[in-house]
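Consider the two complexes below, in which chain A is the common component and chain B and chain C are the respective partners.
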Partner chain A sequence: MDTSMKKLPPKPVDQKKRVAHWALAIVTILLIVWSCTGIDFGGIKQTAGQIAGAIFSGIFHPDWSYVYNGTGEDLVSQLWDTVCIAFLGTFISAIISLPFAFWAAHTRHKKWYVSRVGKIVLAIIRSFPEIVLALMFIKAVGPGSAAGVLALGFHSVGMLAKLFSEAIENLEDGPNEAVTAAGGSKTNVVMFSILPNLLPALISNTLYRFDVSIRSASVLGLVGAGGIGYPLIIALQYRQWNRVGIILLGIIIMVIVIDWISGWIRKKLV
Partner chain B sequence: MADSAVKPVIELKNVKKVYGKDVVGLKDINLTINKGEFVVIVGLSGAGKSTLLRSINRLIDITEGDILINGESITKAKGKELRMLRRNIGMIFQSFNLVKRSSVLRNVLTGRVGYYPTWKSTLNLFTKEDKQRAYDALQQVDLADKVYTRADELSGGQQQRVAIARVLTQDPDIILADEPTASLDPQTSRRVMQDLRMLNEKHGMTVVINLHSVELAQEFGKRVIGVRAGEIIYDGKMSETPKETFDQIYSGGDQDE
Partner chain C sequence: MSSTEEETLMTLPKKKFKILNLLWIILFVVGLVVSTKVTKTSLGALFANFGQFADIFLQMLHPNWSYLGAVIPLILETIKMAILGTVIGSILAFVYSLLIARNIVKNKAVTGILRVIMNIIRTVPDLLLGAIFVAIVGIGPVAGILALAICTFGIVVKLFYEAIETIDPGPIEALTAVGANKLQIIVFAVLPQVMTYFISYCLYAFEINVRASTVLGYIGAGGIGLYLQETLQVFDYPKTGTIIIAIILVVVLIDYVSSKSREALMK
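Take a look at the complex of A and B:
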């Protein structure tokens, strides 16, 4: 690059790059065209616009009678079910996550590969979508809330243990040293120094995960793992648009309220 | 102080510490500290004071040599043996190292963990005597009224005195203090030094302190060890140490951080 006062030279032409860019563009277009041919657009019915409109109007004309009717099949009971699934699932995963977190935290091991292996295991757990897990647990324990709880409990470990282990890695080592210097064992260090220092991060991350689990739990019912997803898919199949509307409204309110509460608690913690 | 009739409690024999491949922390240190001594170690930052102190209770593993505590090698000790030796060596840190979210009482009781099997201390099964012992220790540092306060509600000086109470509860023969006053104001520093002197004179503990402050060293120390670039360059009684010696210890322009 010349810095003296000359005219700005034209951008140097890099033939290789130019070819690469064009190739990339062509491949992208080809991919789009190819994937479009893979989809059978004949499947989109002429009524598509009409149904979309029906769902939309359903949201504005919700079926209020479904909110509560005392049968246990109404909106409030189903939402409560969803909250319970998310809560239990998160609780279970928080407990399972703790040992995994210590495994994956690199500050707790002298050998670098121990925590690396732990991190890989967590990545593998994370890579299973909860819907896939729910389908597997439905086969194992039958359809219903139990499958949902197990699916969420297992899936959340991947993310929660990762967050926990990062919190452990961020702890200062001083208090741990003090326990060691007094003749404490490794367990003493964990019980007297690490856990008390870690507690705010544990609670905050678990609440955050609870937020996420609420959303997941709303969907799990679609495959029959309990919660609000099941009545939603039934209402969709029977084209009860007013009911679809009230369910969607219910989910939105539930997510917002829980978000707000957990955000409030987390703020208090700091 | 250092006459041969007195029993040695800490012995460093040809101790060498190398960090990584070639960063020398300690070069061939030979040092004997006897029971009841009040030793101050002075030197520039990075001279190896902390490394020296932390190798005594093996928070740092040394590369070569041997360290004996009351005649027993801490270098070779393992597992429970090492914990028993550490139980006999209290430590005070520059950053206090309290568990900030725990109560003062629990922090002080932490000094007792070496006396219990792990499952017992985990379940918080401290005996009544030990709880009383912790409270007694807090009274000695004038913090009895803070016993159920959370540690992070205390000032820096108070936190350091809780750390001293923790060591008092641990009831060791040896106290190591790594820059105990470096994050405190001059007045609080003197208070902490007086507490350490109390441990030495009233409880007969052997005290080894790393200090930055020459004034505090001169006022409280009885034996001075000067460290520069990982070597002991001076060792003598405080009463016989002239001011120039400190200048020499702190000069040494040839060494870096």
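Take a look at the complex of A and C:
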């Protein structure tokens, strides 16, 4: 019987690719091994399991009295504070982002180094730790939500302007040329061609950033810049696990609701 | 041609006025006013005290270079945390994604429940996770690694299971037809199609982790953030400046390398 049909032909081998893949794999493994060295895994508290259990049971037996008590220090008003910080912060950053975006966008009408410098500036803004920025603003306007708004507003520029500039780069030249051909001035080009084509992308990116800002705003409270983070860290320090539970629940619900709303708006927009 | 007709040709057609757009704008303005009031933000206060802000900034711009020797070991620890967090998180994400992809696990109840759990995990921000893990396992890098692992998990699972669900079903059907079991289907039909995506998503999560890990130390979860907190507390801004410059350099460098390798991978 002819057995040649029962065997698959040998796999084609690309020697160069194979070597490269193995080299990459070895480098990755070495990196992982290196990261395991020098980190003290023995420092885990004996009570770790117990506390984790306490937090878990706290989530299922939350401190309902904290939800609303009218003092302004309760969960609902702190969450509302957080949403407001994120909203205003995102708005401020959207406005600051526009000029940065036009600066960093790589278009045909600009020297390449101009947009490259803009991109580097944005990368630096993105990498500047948000918490440090918040502390600097606390020095300027005092502790509270206002510092959080300003920190968010300036920090988000790094990411938002990058997204905006990508939207600008993706614009087509056709509509601009059409307006110019019909005798439109520079302002007309901006008004009738650039803005209408850009606006959906801008709004969608800003909404996306709002989702991220909600998460950031709930963190900024850890350093005293307003929002839900502050009561959470206090509850953790005083070991009020039931309160930790209700705050976590509140944050989770808030983030899910906001994500859902902004997703809905974005879907309508497209 | 009559003159009125000519006039209508000269003007642009009027846009239809939409009441809904007006409502959106009103809602937006109300939102701005309310949030300004709630957060008590005033640009006046910012400009009045802008000198203090600028002063801190200027001090940071004159970094204390002799401090760099103390910063580098902790920067390395930060990178180690980010790597370990990424590895642990992406291994978990790998298994979990296979469990919630509807073209692999057909049971809708199982995938549905697992997806709800995933979406809940995804909502908690990294620093809050860090704070919680510090409370659980105590101060140190282990808390940071755990927080980063969960963050990575949230990022990678979402992207990876969507990638799995959009694969070409042909190879799966072919393997099912020749009688392969679940594991064989996954190894020979699913993974070859999605592995490059998985690696790319892990690298993406790694970029985010490097960024996040630099501040985790601020709340005691290990890494360079610890010095950030110490120097800020004693108002030693030149030292803070050194740390921030080191952080920015590392983050931008790793971002660049990682995004370039992602591009190469996806080619």
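Quick note on the criterion: the second predicted complex is superposed on the first by the 215 of 270 C-alpha atoms of A that agree within 3 Å, B and C clash if a C-alpha of one lies under 4 Å from a C-alpha of the other, contacts with A are read in each partner's own complex, and residues count from 1 in each chain.
The rule is simple: contacts are C-beta pairs under 8 Å (C-beta built on N, C-alpha and C of every residue); 3 or more make two chains touch, one makes a residue touch a chain.
These numbers were taken from a predicted model, which means no experiment stands behind them.
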Item to check | Touched partner set for A:Asn188, first chain B, second chain C, both or neither | outcome: first
Next on the checklist: For A:Trp80 in the superposed arrangement: first (chain B), second (chain C), both or neither?
Outcome noted: second
Checklist entry - Looking at the overlay, does A:Ala104 come into contact with chain B only (first), chain C only (second), both, or neither? => result neither
Item to check | More chain A residues in contact [chain B versus chain C] | outcome: C
Checklist entry - Touching A:Trp34 in the superposition: chain B (first), chain C (second), both, neither? => result second
Next on the checklist: So in the superposed three-chain picture, is A:Leu199 touching just chain B, just chain C, both, or none of them (first/second/both/neither)?
Outcome noted: first
Checklist entry - With the two structures laid over each other on chain A, which partner does A:Leu152 touch: chain B (first), chain C (second), both, or neither? => result neither
Next on the checklist: Per the contact definition, I'd like the list of chain A residues that touch chain B in the complex.
Outcome noted: 172, 174-175, 177-185, 187-188, 191-193, 196-197, 199-200
Checklist entry - Given the complex with chain A, which residues does chain B contribute to the contact? => result 57, 59, 83-91, 93, 95-102, 106, 110-115, 118, 121-122, 163, 166, 170, 176
Next on the checklist: For a test of understanding, state which residues of chain A touch chain C in their complex under the given definition.
Outcome noted: 31-32, 34-36, 38-41, 43-45, 48, 51-52, 55, 80-81, 83-85, 87-88, 91, 123-124, 126-132, 135-137, 139-142, 144-146, 148-150, 215-216, 218-219, 222-223, 226, 229, 232-233, 236, 239, 244, 248, 251-252, 255-256, 259
Next on the checklist: Under the stated contact criterion, what part of chain C meets chain A in this complex?
Outcome noted: 31-32, 34-36, 38-42, 45-46, 49-50, 52-53, 56-57, 77, 79-81, 83-84, 87, 119-120, 123-128, 131-132, 134-142, 145, 211, 214-215, 218-219, 225, 228, 232, 240, 244, 247-248, 251-252, 255
